[in-house]
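Both complexes shown next keep chain A, but they swap its partner, so chain B is in the first and chain C is in the second.
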Partner chain A sequence: MSAVPQEIALPRTFALSPRLERMLIRVATGVVLLVLWELLVRWLAPAFVARPVTVARALPHVLANHVPPGTPTFWGSAEATVIAAFEGLAIGVIAGVLVGLTMGRLRIADRLLRFYVNAFFAMPIIAMVPVMTLWFGFSSSVRLAIVSLGAFLPICLNVYDGTRSLPTNFVEVAQSYRARWWNVWFGIALPASLPYVLAGFRLAVGRVLVGATVAEYIVSLKGLGYYIVYDGRTFHQPDMMVAVLFLALLGVAINAAADLATRRLLPWYRRSG
Partner chain B sequence: MTALGGVARGPAISIAGLVAGALVWQLIGAHTQASSFATFTATCSALWAMTKSGELPRALESSLELFAIGLAFAIVIGFFGGLLLARIRVLRIGLEPYILMLYATPMFALIPLLLSLFGFELRAKVIVVALFGVWPILINTTEGARSVNADLLEVAESYRSNERQLWRHVIIPYTLPYAMTGVRQGIARSLVGMLASEYLLAATGLGNLILTYTNRFDTAHVLAAVLVITLLATILMGIGRGIENYFARWKAGV
Partner chain C sequence: MSIQIDHAAKEFGALRVFQDIELEIGEREIVSVVGPSGCGKTTLLRCIDGLVPLTEGEIRVDGKKVVGPPQGVAVVFQHFGLFPWKTVYENVAYGLRLAKAPKQRIADAVPRYIEMVGLDGFEKAYPYQLSGGMQQRTGLARALAIDPHVLLMDEPFAAIDAQTREILQFELLRIWESRPMAMVFVTHSIEEAVLMGDRVVVLRGRPSSIHEVIETGLPRPRTRDVFSSPRFSEVREQVWGLLMHEAEQAERELQEVR
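After this line comes the complex of A and B, so read on.
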């Protein structure tokens, strides 16, 4: 038997529950990765490069906001970035659902807008950041515009796909019961494309975080993107890594929340695979 | 409405949409300062001027070189890493949470760290592009290789396939469509990585064009560069979708 997920059947002298076994393997791998990082940086990299030990040492003063005056604080930056990310996601979800539904239900809107939505979706949205500084000035409006666009495009395209794949007999039955257009749009098409909204949302989270941090860096806005670059340039790499870890956890947390919401709100929808 | 009319009407509306977009662009440009928004025609002439002077082709070549090398690394590492993860259970279980975490991290945040380790020349930038693109390829390949139909493996075994033949004729062909879905997503992410590394590491290529002309308040040239990037991205995404469909064609009948 040489199937790909090959399990080596060793005679078990003692049995661990599969759950516990997974946990142990994961923790052990984490420890190995941390040790590797520590040793490799110690041996090969300059002294200012962050190692797990120095990051752990930086953790208390970073989380307590103990920094010299005039330098960005961690919590202030985190707050700015998180609020901007959620504003962008909120705007993106609302606008994306409305435009996606319109494009999915109205042929003419589809024909008129398809090209633009696809082009903007394909384009790395951060290409627009510098020119937006000319439009909005060096202000947080640039970040808001970037995160909103970053969230809008994947959600809009996914809602469009969801609406297009709506079984026609749903609509026919509804219409034979004299459903008005808004009944079809918001009573049938929207609920049917909710799984697509969630798939779009997951894509949007990644785009929003990248967009927000790049905008913060280029515009020099208070936020984690600026915090990271600032600490990186002033040789405070351990402080910087705390923010990087925070961003990683933030991405994981938002996606986990979306998964939980899917299971709670859409129990009829099971993701394939 | 005849069928023919329906066929002709769709593209007509699409073209009308494009023309309307160009007109709106022209109008906005004509009624704002040139330093904040250039007209469509000014953008087109800037595009032509940059092409003629060789500035744009050079930038495009430099960006594409970076993109291609980075994506190649991402594909090779993602594909073989994915097969390895599917094959070795301990490795997969152990690394899965960390891979998902890295996938969710905005890779931009790691650029300053990479800068201190690898400098800011081509090598560091290639690593950034590869790091942006590798995760979807890795994850999709792992998923694909794990989901190989057990029936297929049994048939292959009952015909006495050895390990190498099993990989060559069953597992890798089965995994490729999944991997190519990852490659399509990786192309989009690597493109973001390309721009991000050009912004933050040594400024070259299209990212450099955008930054330079923004600093000169020359919106015509900036918009021209953005237009080129949009075109490039659309073409690359089209290629990605083409590759995905090509490898997925045997799945259509299933």
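After this line comes the complex of A and C, so read on.
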């Protein structure tokens, strides 16, 4: 005789897969937020303040670049910002990996640079935009400098951490097979630090998008930052919100791509030390 | 002689690890090194590979003084030392790639050694997917792949469970029979030392030095029958006696301190 109550054995009539359940909860939260946003703006704010319905209504003409001549277009702005963001990430990754490896493997470089790299990392990089405008003028060089620095610092520090925590066993094995220093740096220290590179990259994505947007606000550069400021000041708030949401989407998409790349390229990561 | 160790001593700062080591190892000889933990047997092995410099004396491999890892010398480490981001195939190919071996040679040699250690079918596996025994098989294949004439074994099977260890010991002996080379086998297991070695070097004292070198006189090729031979027990007891004496002495000193 089984003592198990019979109810437990009954099949669930309404069962969702855990994944679908999570998805539904996520969508439900979004809907609640949108409804709240819509209602609060209707009750409390002037008519020109964007709310979900007006943003949705603005979407077609924004995405079709239907704007009066002389005003910034959405896709033109998006292109400028995205290109600058990727340029910054590329420069940041290359420079960050090289400097981080050097600091991690060469004690003299560590002593010379670590304090300053840490200090710059702690400082809000966008505080340097006004200084940069003096150095580079009101040009896109300012944005490139800001995004490159913003990407460089977290990647550099993460690669440094990764290289410092490199097990000496690996170095010993490499040396016993007559590895030269560059074999150790790029053949051992760098691949062993790849998880750190990716962690740094995630931080860099956030910093690059902030840096690009703020530089565009201040320097009035063609880009989503400037698009947002322009539409905000000319009472096109729904158009502006499209750009804001696009920036959020961009950050999420780049990080999702990085996650996918991690799973594809580093299958050994997570399951080993 | 493949390896000549001449009056070798090593100090780490104020700590003198070993001294007065005189030893010659032939081209087709397996020499086991045993001693209590901390006696410097692993350090001696690292000195032979040039990973750690000697404080005094000289080590020559093939007549050439060791100043860094020599060509034709391979080490199998206790910690396996496999690279977690490389597959079995790439781990085994590591030494050949570093030596810039021709592509054809790598493509020939790597599968051959993977098969020799019984890992065929696991070429694309990552180390985390392998058991400890299989990881050390990979480490062994990586060492053999560079076609060494000196193989340095640093307690290679210490981190492996007992049954797998015994399997690996006899596989290593079988591989060595098919391709004899000079081998230094560092271990803290007396049985393993006697089983593997033509001679067993017993290190003792602090700083340690060679206390005795025992010819095992056991026939090759060695099979499991060796365990039941009287000579095996005799040598094992002899080594055990030498090391027990030391262990007892250390314990007595400890009691006197109390």
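Assume the second predicted complex is superposed on the first by the 257 of 273 C-alpha atoms of A that agree within 3 Å, B and C clash if a C-alpha of one lies under 4 Å from a C-alpha of the other, contacts with A are read in each partner's own complex, and residues count from 1 in each chain.
The criterion applied here is as follows: a residue touches a chain if its C-beta (ideal position, glycine included) is under 8 Å from a C-beta of that chain, and two chains touch if they have at least 3 such contacts.
For clarity, every value in this text was computed on a predicted model and none was experimentally measured.
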Request  = Examine A:169 and indicate which partner it touches, taking first as chain B and second as chain C; both and neither are also allowed.
outcome  = second
> Which of the two partners, first being chain B and second being chain C, lies in contact with A:178: first, second, both, or neither?
Replying inline: second
For this session: In the overlay, answer first, second, both or neither for which of chain B and chain C A:267 touches.
Result: second
**Asked** Does the superposition put A:50 against chain B (first), chain C (second), both, or neither?
**Response** first
Which holds for A:191: it touches chain B only (first), chain C only (second), both, or neither?
second
(request) Scan A:214 for contacts with chain B and chain C and give back first, second, both or neither. (result) first
Between chain B and chain C, more residues of chain A are touched by B
Residue overlap on chain A between the chain B interface and the chain C interface 273
Within their complex, chain A touches chain B through residues 1-7, 22, 25-26, 28-30, 33, 45-46, 48-50, 108, 111-116, 118-120, 122-128, 130-131, 133-135, 205-206, 209-210, 213-214, 217-218, 224-225, 228-229, 231-233, 237, 240-241, 243-244, 247-249, 251-252, 255, 273
Chain A partner, complex, touching residues on chain B are 10, 13-14, 16-18, 20-21, 35-37, 86-87, 89-90, 93-98, 100-102, 104-110, 112-113, 115-117, 143, 145-148, 150, 153, 157, 163, 166, 171, 188, 191-192, 194-196, 199-200, 206, 210-211, 214, 217, 219, 222-223, 225-226, 229-230, 233-234, 236-237
In the complex, the residues of chain C that touch chain A are 49, 51, 68-69, 71, 73-75, 77, 79, 81, 83-85, 94-95, 98-99, 126-128, 146
Per the touch rule above, chain A residues touching chain C in the complex are 169-170, 172-179, 183, 187-188, 191-192, 194, 266-269, 271-273
